[in-house]
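One structure below.
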Amino acid sequence: MKSIPVPARSLSGHFFEDYRPGQRFVHATPRTITQGDVALYQALTGSRSVMHCAEPVAQAVGHPSLPVDDLLVFHIAFGKTVPDISYNAVANLGYADLRFLTPVYIGDTVSCATDIIGVKENSSGKSGNVYVRSVATNQHGVPVLSWIRWVMVNKRDVKSPAPETVIPDLRAFVPPTELRIFARLRADRLRSEDTGSVKRFGDFVVGETIRHPAGMTLDETDHTLATKLYQNTARVHFDARYMAASAFGKRLVYGGHVISLCRALSHDGLENVLSWAAINGGAHRNPTFAGDTLHARTAVLDTWPLDKRVGALRLRMTGFKNHAPDSDAIPPELTVLDLDYTVLMPR
Amino acid sequence: MKSIPVPARSLSGHFFEDYRPGQRFVHATPRTITQGDVALYQALTGSRSVMHCAEPVAQAVGHPSLPVDDLLVFHIAFGKTVPDISYNAVANLGYADLRFLTPVYIGDTVSCATDIIGVKENSSGKSGNVYVRSVATNQHGVPVLSWIRWVMVNKRDVKSPAPETVIPDLRAFVPPTELRIFARLRADRLRSEDTGSVKRFGDFVVGETIRHPAGMTLDETDHTLATKLYQNTARVHFDARYMAASAFGKRLVYGGHVISLCRALSHDGLENVLSWAAINGGAHRNPTFAGDTLHARTAVLDTWPLDKRVGALRLRMTGFKNHAPDSDAIPPELTVLDLDYTVLMPR
Amino acid sequence: MKSIPVPARSLSGHFFEDYRPGQRFVHATPRTITQGDVALYQALTGSRSVMHCAEPVAQAVGHPSLPVDDLLVFHIAFGKTVPDISYNAVANLGYADLRFLTPVYIGDTVSCATDIIGVKENSSGKSGNVYVRSVATNQHGVPVLSWIRWVMVNKRDVKSPAPETVIPDLRAFVPPTELRIFARLRADRLRSEDTGSVKRFGDFVVGETIRHPAGMTLDETDHTLATKLYQNTARVHFDARYMAASAFGKRLVYGGHVISLCRALSHDGLENVLSWAAINGGAHRNPTFAGDTLHARTAVLDTWPLDKRVGALRLRMTGFKNHAPDSDAIPPELTVLDLDYTVLMPR
């Protein structure tokens, strides 16, 4: 990809006409992930994944120390991209081809850079979609996470000419042959008494749906604490005065926090997940606000045996709000999240 | 005690008829306690116990490093028992014979198991009381905490027959001869300038009451963060939509968080407490909700010299809400906590 | 200064007539600062200072490990002074001559002592101003922070005679010749790609004003968590029932939290700040409450080259609330903070 100059950042951030395919943004503020971040993530989400909270269990399956929750790594990396990519975003339209490449451990430092891989002005001429691939690396320069997202960004000047349209190829899902398995993984050593479930890879059936019974009500401080922890500066999450004048009328919950809450709610029934391997695609169907009560449902889309140790499950997680978790149908306007992702599970 | 099979856990949890004396539940999700947990406990409760926040002070009195607050250990251990024991509990009726056995340090990993020691169906036939003893151990298999509690649990099927009634003997208090003192304790090295008080074991008189002046108002995020940190999944604390249909009409604050807040409020006057040694009994007299302002009062029930270094104080902590802390009588309906416990104090 | 006895502390705290110039209060509860404190500070303020969140960057510029944010050290030290100095304060009137002397690292333990340096009874005869200098030291006894503040404190007995008035000399600002620079500092190694800005010492001009565009809405749990983390026990921040009967009608946000939020809001435009060197003076112009949305503006008061590596910028940070951040004038009644401080910046 040819090198295209990156615009200087002003206090008002970038607009649609600042982006051109071929640009690379090296994001500010490398971030060391500490025991404190991990405990906060726990408190903010209610996560019960034993792999991220019990060091002896993590070590038994081959990790040198506690690996950081894949989603916490994602949120921190994502936060770094906001000042350069989505500070003036109107909407975060979607994710694709997200790959968790290498475990991140407490004490590691994550940096992030983003390539602009596509642009398309909207027919209104007031905004456009920007397609980007971001890569997070650890302090050794090893990539730990890579993902595509596309956002709608306002133009600074509606009279600026439309750029040539470039839309990247987006794969429907990360193929099982490309999923990364931690080399030293000893999945056979994960004990059911530590996870609370005997249900492993072979016990999941394509087409099955798990109705997770738990519900969690969100309050303002929950999501603002999480989003500040991730150093995500998007105005829509923090500035209630500004948002009072918006169509929403109030602060929006960061979509990544919704993913984390739904993942925590979906723990029961998926206790033996070793790690997330990919997010194939995802969309925030409706906004989430303080006061909403979230629930989650999981459908098994595909099952792929990978080697003798582990298999991968392609899952569809539906997050919804303010609705009985055990009902058959969920009204579309109460669906907040539709996430297609892949996890590793011991065989 | 004979070994009785434990029922498989479904997503809807266990009900009264699933429990039989002799069953042992080994709880999921061992938990490594980190610096992050300790800082969050500090922020959530306002604790000022120097033994848990000043490493040089802890080391001066014989600890290898900062010991974790006894109540934080309790909440984490308690949280582990919820999915197996009290997921469908109607009420947490009481505690007895809780013993802190060994200090827990930052970096230790706590696991927990519970024996069913009694059952008694209620006269309504709709629910029953389940008596349990839980034991938490560290990563070396050393017991760190043991306690009895009893909870009222709904029946799945009101027509299922009543089990034979078994009620365990409950001791009124842990006798001073059975209190554990940390072997390397150098209580004489606790300096009054570090704790802020010269009042030690010999300065307390049976019958004296301390009216702690501080008050603390609870908000929703306070208690939900704490309860998620402890991985306690009881629905009543998190799901506002579900609770709106209950008699309470709103989320209930986890009773353990109330204990921790009252303990922090009672710090002034009890600054030289070395550790909690036992909880002899306790009850949550009334529910606590977000918006309530808590206060605490302490009565000295007994004073036991244990050795040349330390004595034990048996105390009664009364937690109450929305009432002047300096008034003589507290209306019973505003009392939220009645806790009989024992602390170690330098002589 | 002659040694004057310090009064014994009762549960109701000290009053104006308890203070005499020459007294030294050694405050209780030394505090070890952990990774957990640092993560919480991050989540509570949204700080993006790379020097406090990226260990490799901190090490590149000469630190052995991550230095703790100067303001976090200040809040923890300040909290220690509250029980002895401002428990019965009516108002925190001002700060002066605050100097950051030595970096504090994760794992360090901070203690604090305060000398009474002035008293002046108010004309009403009901209260008086107390002037104090506090010094915080690390576990090696090295001073890390020193500051003067003055508070208005109620009298216990309005009939007690007025003391002789003593008012200390207060310097307008800490002169550049007295600013401390960390000896091993390699400011030249701070990379713009890590901070996100190329704007360094030489790019700032006396008289320039930076209008920081971000806004942050405060909720109750934000400030109460922060204030409990700092073990600050001032009643006005916690007890909503008590405050409902006050002129404010509700809980007051701890002014230090407002400073930290305004500092985080002012990050954009000041990305290359190495550390805070001094607070020359400051006042909380109006109270801040939950629900307020904060903004910050920075004016450059002076620029002092210090050596070949670094220069100092004397800045005036104005914090205001519930008002458009880009408007020309800010109504005085919406100004919450006026802080005159000095930072170090690479040349």
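A, B and C are the chain letters, set down in written order, and residue numbers restart from 1 in every chain.
One rule holds in what follows: contacts are C-beta pairs under 8 Å (C-beta built on N, C-alpha and C of every residue); 3 or more make two chains touch, one makes a residue touch a chain.
This structure is a prediction, so every number in the text was calculated from the model and none was measured.
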item: Relative orientation of copies subunit B and subunit C, as a Cα rotation angle in degrees, nearest 5; value: 120
item: Numbering shared by both copies at the subunit B-subunit A contact, with half separating same from different; value: different
item: Interchain centroid distance [CA atoms averaged], subunit A/subunit B, Å; value: 36
item: Contacts with 2+ other chains: residues of subunit C; value: 34-37, 39-40, 219-221, 225
item: Complex contact set, residues of subunit A against subunit C; value: 9, 11-12, 26-32, 34-37, 39-40, 83, 107, 109, 139, 219-221, 224-226, 228-229, 231, 233, 235, 238-242, 251
item: Residue ranges of subunit B touching subunit C (in the complex, touch as defined); value: 34-40, 42-46, 48, 50, 53-57, 66, 193-197, 210-217, 219-222, 225, 268-269, 271, 291, 293, 322
